[in-house]
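The letters A, B, C, D and E name the chains in turn, as written, and every chain counts its residues from 1.
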Amino acid sequence: MSKRLLDVKGLTVQFDSPVGPIEVVSDVHFHVNRGETVGLVGESGCGKSVSSLAIMGLIPSPPAKKIGGEIWFQDKNLLAESRDHLRSIRGNKISMIFQDPMSSLDPAFTVGSQIDEAMQFHQKVQSNEAKDRSIELLRLVGISNPELRYHEYPHQLSGGMRQRVMIAMALACNPQLIIADEPTTALDVTVQAQILDLLNDLRQSFETAIIMITHDLGVVAETCDRVLVMYAGQIVEEAPTEVLFDRTAHPYTEGLLKSIPKVSGAKVKLYSIPGSVPNQSDMPKGCRFHPRCSYATSRCQEQDPPIEELTPGHRVKCWHSDQILRRNRGGV
Amino acid sequence: MTAIPLLELTDLKKYYPIRQGLLRKQKGYVKAVDGVSFNLFPGETFGLVGESGCGKSTLGRVIVQLMEATAGEIRFGQKNVASMSAKEKQAFRRQVQMIFQDPFSSLNPRQKIGDILEEPYSIHSKHSKQEREEKAAALLRRVGLDPLHAERYPHQFSGGQRQRIGIARALALNPQLIVCDEPVSALDVSIQSQIINLLEELQEESGVSLLFIAHDLSVVKHISHRIAVMYLGSIVEMATAEELFLNPQHPYTRTLLSSIPAEHPRLKRERITLVGEIPNPANPPIGCKFHTRCPYVEDICKRDVPVLKEISGHAVACHLIK
Amino acid sequence: GCGGNASSNNLAGQNSEKPADTQANSGTPKTGGTLIVGTSADLTKLDLHSSTVLSDRIPLLHVQEMLVTIDEKMNIIPLLAEKWETSQDGKTVTFPLRKGVTFHNGKEMKSEDVKYSIERFMKVAARKGEFSMVESIESKDDFTVVFHLKEPSGVFLASLANPYNPAVIMPKGIAEEQNDNIVTPIGTGPFQFVKWEQGKQLVLKRFDKYMPAAGETSGFGGAKKPYVDEVVFKPISEASVRLTALETGEIDLATDILPKDVKRLSTSKDLVLSQETSMNWGYLFFGFKKPPFDNLKMRQAVAYAINKKEIVDVATWGLGKVASSPVYPETEWYSDAHAADYQQDLEKAKQLLKEAGYNGEKITISTAKAYDHHQKAALTIQSQLKKIGMNVDVEVLEWASFISERANAGDYQLAVSHITPRPDPNQIYYAYTHSKSNFNGYHNPRMDELLEKGLTTVDQKQRKEIYNDVQKLLREDLSFMSTYYYPVIEAHQAYLKGYIPWSAGYPRLWNVWLDK
Amino acid sequence: MEIVHNPVKTTKTSRFRDHIRTTWRAFSRRRTAVLGLAIVSVVVLIAALAPLLTPFDPVEDVDYGNRIASPSSTNLFGTDEFGRDIFSRVLMGAQVSIAISAASVTISAAIGIIVGLVSGYYGKVIDNVLMRLVDGLMSFPPILFAIALMAALGNNTGNIIVALAVVYAPLFARLVRGTVLSVKKREYVDAIRVMGGSHIRILLKHILPNCLSPLLIQMTTYFAYAILAEASLSFIGLGVPQPEPSWGNILYDGRQYMLEAPWITIFPGMAIAITVLGLNLFGDGLRDYLDPRMK
Amino acid sequence: MATFIAKRVFSMIPVLLVVSVVVFLLVHLVPGDPAAVMLGSEATPQQLAELQEELGLNKPLQEQFFNWFVHMLSGDLGNSLVSNKEVTTLIIERLPATMALILYALLISVVIAIPLGIISAVRHNTRWDYTAMLIALIGVSIPNFWAGLLLIMAFSLHLGWFPSTGYVEITKNIWSHFEHLALPAFALGFLQAGIVTRMTRSSMLEVLKQDYIRTIRAKGGTEKVVILKHALKNSMIPIITIIGINFGLLLGGTVVVETIFSIPGIGQLLVQSVFNRDYPVIQGVILCVAVIYVLISLVVDLLYAYFDPKIDYNEG
């Protein structure tokens, strides 16, 4: 068995819109190894969720117009697989924790039965077995009184509980890959820590790989082996976690790190990257980040930088990565 | 800070009935908010943190009068909210806004973003259509979205974008109080900073008060003047932001602070992990609600309910703090 | 009987001179079997005394019988009575009863039963007024009943015999036994009541101890012989479904076949069509209570504008017959006076309109939708009146509204409807033209006088003269016009033998058998 | 706060025209919807111009020599039991039938929507009272209503409309209320309440649009029902009075001739079917157009 | 919930009160009186007056109402003016046939319509969708008297599979019962099937776009589960609403269908009574129908709460 679990090559997603097709994910390459946690961070709206939906084969059409590229999972190109095969993978080998837990739970069924289902789709389990396991899962994700909660409907749960139900659901079949789309946004830090530990345990015992989409760079720092940084539909930097924090080579990543509010220290005005996200229907020429970049030169306006490998595993898409790297070397 | 509070909560309670079975018989209550009291002053940001499911959103919803409190009193601008006249209520509705925790379901799927953002103006002011459109566009810019997005529908946005739409809508009327239920949870740090800066600017300009519910403690710390920590429906500790982070007293607060993820992969924090189950809000433990998981538990904790005691602006509800 | 004096477009194509009769009467009768009849309406109740509905009378006149009745041609003949004798002064009528007639409950019919029945009838019947000449009834001995009349009456017998208003004989005390609400009708008829499941079926069975009267069977009288074991009446109100049920063999006999279906049926091998011109009489009434038909010239204009044959063609598909008078041609009462009629003359009609000073005012024909042919007749009349320049509307009402709001209120200009036959001309003329009983506001003292005379005159020859005069006067005054006789059309399975249709419109299920 | 100025100051009318144009463009992308609209327009046009199009007078031109004649070049759709031209009657009937159904459905939907919204939204006692009223109202058979109304007000088209509207209004109320019950619980409604949106605004701008798709279906379907109901009314002499044609009464009177003269019923039947098809296509198109997720 | 049901059953009382007053007034204000109908077109004024007297129709209206009302309270709905039978007996005799007919019609319409609606929603804008909608459309635009006659012509007359008329109680002969009701139930159900199909389709389309459907797919749920379990349950509110509503229309439809197929049901009884102005029967039947409606809408409301757990009648 190869080490590579998932290999995304040249993923491109276009949506139809009144102003013509817009490309929300452009030519994205990355891979995930077995048992590895890969962080995916980036600007809100840069295409993280869409990319993960593409992996799941769940991009709705309409509005999707085109999904290009290849998604290799265990030697199979998911984009070319039959529906039935995809179905047997989904929830079983790859599962996803959705970002929006309220609208992602079926309001007409109890949360318990929705977790049961995740198992019943792929395993032959008795309904009471499934129930026991579901309650166990609910307990694992830190929901109190799971026997009662099992019978409740989504609207009766708090935001964080719903999110944990989603997580429990994703864990139900011990998948090989979990795509966690902001799995802990609604959780307090103690529960968050508990969940992250849980995921970590899973990784150790089942070699589960995780794609962790998050905005919380603390979470990234704590859990991820590698990080992908996305901006405007493209991957702009990829590096092992420590490398990313210590030797940031992309101006956008740099900006992100600078924006983190600090728990310690005096209150200062928070930094934020100047300017705003480009309009997808009207992407800037050259490097997509250049209008907001303090390093930008005329070259950046003209030519789209290629993605370059600086050191093994550290790849950047910037004309000025050397300069930035020099500034940031040394880290914290 | 003036001495007259904008919002006063006195022993506020909200219980949800639990119904089960085919006939939905009532079987007790979830005590989502169980005796919460605090004051919020004009121009103040009051951070509210706590375990998931401890009743923060419920508290927020009760404050904005989406639900009636089971017991207790809410006074806004010194008026009891429950006995407001229709006119006062309308003014209240204008002055108090909410940013919902779940941005998507709080947006009407059939309305364009532009219309959603124009709505507060068409409710409360007599602007022309054109003025409203301009104001909506300005709002979009302020939260870092493109005015062209006005033509789109909610489902065409990413999670963070939707959240910003919710924020923009709450800002529209320059309210006096905004209940922010996890307003920045789905935003990347850069935009998060932008939004927080925006809120702070607004506060400086107009003196808006914020009830800021969040899980990201660094954010809460940054933005709040005072912070309250909630556990299972009640406030267990309340102090200024600085004080709370420097000198956390309640065991739960300490646990919480210790669980903040490190900012750098090489920094590993000493984390206090809680043992024991999270108790059931329908049947909370007798005595101190935290005693089942508290590392310092003593006999008295299992017997008596600790009250929130204030010592020089730092209030704690714990028997062990003298 | 006779078919339509067919026009170019009749469905019947040719005259159907009772083809059924010859075939039907052949062969020897067999007993047994169940005969299922599809009728157009269910019964409303089981008490013939208080019933007012044809659909009650059709089945129940198989169960109960009258003292006297009508024969095929509407002549009055004895049934339960042996005969009758009228006293010299005309005020006493004596009926010796037939002996050995038993009720279905096993009791012999006696004079006290007759007395009881008629007295009950005079109490509960909707049209008890027809017996207003009766002073008292005397049960002289077991088998003799005597009626004492207030004054001599020319219509007393006809009232007794009127199947439209059937004073049937029931065992004494039957109503009291059944709490004044007869749910098990008992009579002396050839069939006895079994059960009635409302809306579904009425079941009768043969009464083995039935005692037929003497003589050839005719009308409701004569030697009636029940052959089938059971008769079941099933209401199937939709005409096309009734026909279908016949075609699928679910029923053996279907009544009230629509004229338009005659053509389709006449080609069938398995089914036999029985068709008769009936005494069901269609009319056009003039309203005298408001203009313009209080003006004789206007009425005459209408009379000259109308082409009755066209009405027959349209309303009955040519299967009916033009009517010149309420009196049916085949009966004793018919004469030249009744045959005389207006002939269409458009010029004259227009002339009369002009003389009447008609200026295109809107005129409304009121009719009801209970029967298909009313509306057709009304629409035909409308188009005919339009030809002479009248501005005519047709107003089609629901039946009850039509009766109450129009017919009984006299609140109409023209009204189109029909009624079922009566044995005595008085029963129509008096009700419709006497100023005391008509609704349309017609009043002519001479007419009233003639009608009164007709009532009290006993001698039937004289009475015939009187009614000739009545008809003549009516023709002049034009209180109403007779338009057509609607046909009786029935169809049955070929294996049903002995069935004879009757212009009176009552199917009779005695003397018929199933030859399966 | 910076104010964005629209770079191009557009005049009101051109804005409006733009709006219409974009709406049409979005709508016209659904080909079936356009087809539906076309059908409905043609039918309405035919109805409006019927007096000019009929080769015969649908009422006056009786021809007893030519009764129930099958379709031919003179009588395209054949003739009826009075020898009247069915083609002409179907054309003229369109007028009455469409007027009756359009008017009765519009009126009943309007009443039903109001009652349903109020009942579902306010709930509790109001709901109970209104819905029990609706129950009561529904239990009156349409014929009884029709008879009573026509008796009180006379037998004319207007009263047929009123009678049908009274019968249908509770049904609309029911449907709207049912949807409101679940829509009012959505969080976006809460959001507007927090903003201080009036009940009216919440009802009309937020709840009603989200009840629209079932409503559109009910309306387009009841349009057909109304045409047929008029036929049932003619059964008891309360429909459009003969000899004026309506699709309903042609159909009803023709039913006796289904075997021997099917054309009497088939053509008005087809007219109804085509109109309903058009309406439904249009309604579904409108539904899709109004559903942002279908875009 | 139990209190909710109790409350609802209790609220039936005022409904019935109002209905009884209105129906009484309505029937008595309608022109045409039973005596006139019974006597037909050649009654004399005197006969008419006599009969009216006998039927008690010349008493003052409030007295008539009071009499009837007092009796009604004790469960006595009076006797038919025409047949003199007890109204309660009449209704009890005839209700089963109508209920059976409606029930089967509903079943048929649901069994046809929901699958059709699902197919066309799932295969949105394909040939499947168009075909299903065409079928629905035909359903909607065929009047039931026509459908009934066509069915009789086809299945009774030509094929001889079913009897054309009549009714057999289920207790007497089950097979024959279904045989007799099959065609009428179809005739009745067909018209309803159209609207249910369209409602299912539209509701499904809406639900299929929701995020939680995506979640089920993400769990690896087959389309069958996605559609038949989750999407369907979430689509049910408008569907059961329309089915509940249709119950009312079906009851109206039975009038025609019962007439065509000669089924002794409540519909025929009502029409006949209206035609005859048989006041006590009309009043009784309408009261009975009102009770049925209140119960139906109670059931529908309970189903709402089942299909949408957010709906809570206790809270209002």
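The working rule: a contact is a pair of C-beta atoms (placed from the backbone, for glycine too) under 8 Å apart; a residue touches a chain by one contact, two chains touch by 3 or more.
What you see is a predicted model, and the numbers here were worked out from it, not measured in a lab.
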Farthest-lying chain, centroid of Cα atoms versus that of chain A: C
Higher-contact pair (C-beta pairs counted), B-D versus A-B: A-B
Between chain A and chain D, centroid-to-centroid distance (C-alpha), Å: 50
Interchain centroid distance [CA atoms averaged], chain C/chain E, Å: 39
Inter-chain centre distance, chain A versus chain E - centres from mean C-alpha coordinates, in Å: 54
CA centroid of chain C to CA centroid of chain D, Å: 46
Sequence positions of chain C contacting 2 or more other chains: 240, 398-399, 401-402, 405
Interface hub residues of chain A, defined as touching at least two other chains: 18, 63, 100, 102-103, 155
Junction residues of chain D, two or more chains touched: 147, 151, 185, 187, 235-236, 255, 258-259, 291, 293-295
Contact set on chain C toward chain D in their complex: 8-9, 239-240, 258, 260, 263-264, 310, 313-314, 368-369, 372, 375-376, 379-380, 382-383, 386, 394-399, 401-402, 405
Residues of chain D that touch chain C when the two form their complex: 60, 62, 64-68, 81-82, 147, 151, 155, 234-238, 241-243, 255-260
Chain A-facing residues of chain E, complex: 209-222, 225, 230, 233-234, 307-310
Sites on chain D touched by chain B in the complex: 1-6, 186-188, 190-198, 201, 205-206, 209-210, 290-293, 295
Touch list for chain B against partner chain D, complex: 61, 64-66, 90, 92-94, 96-98, 100, 102, 105-112, 119-120, 123-124, 130, 133-135, 137-138, 141-142, 147, 153, 155, 166, 169, 173
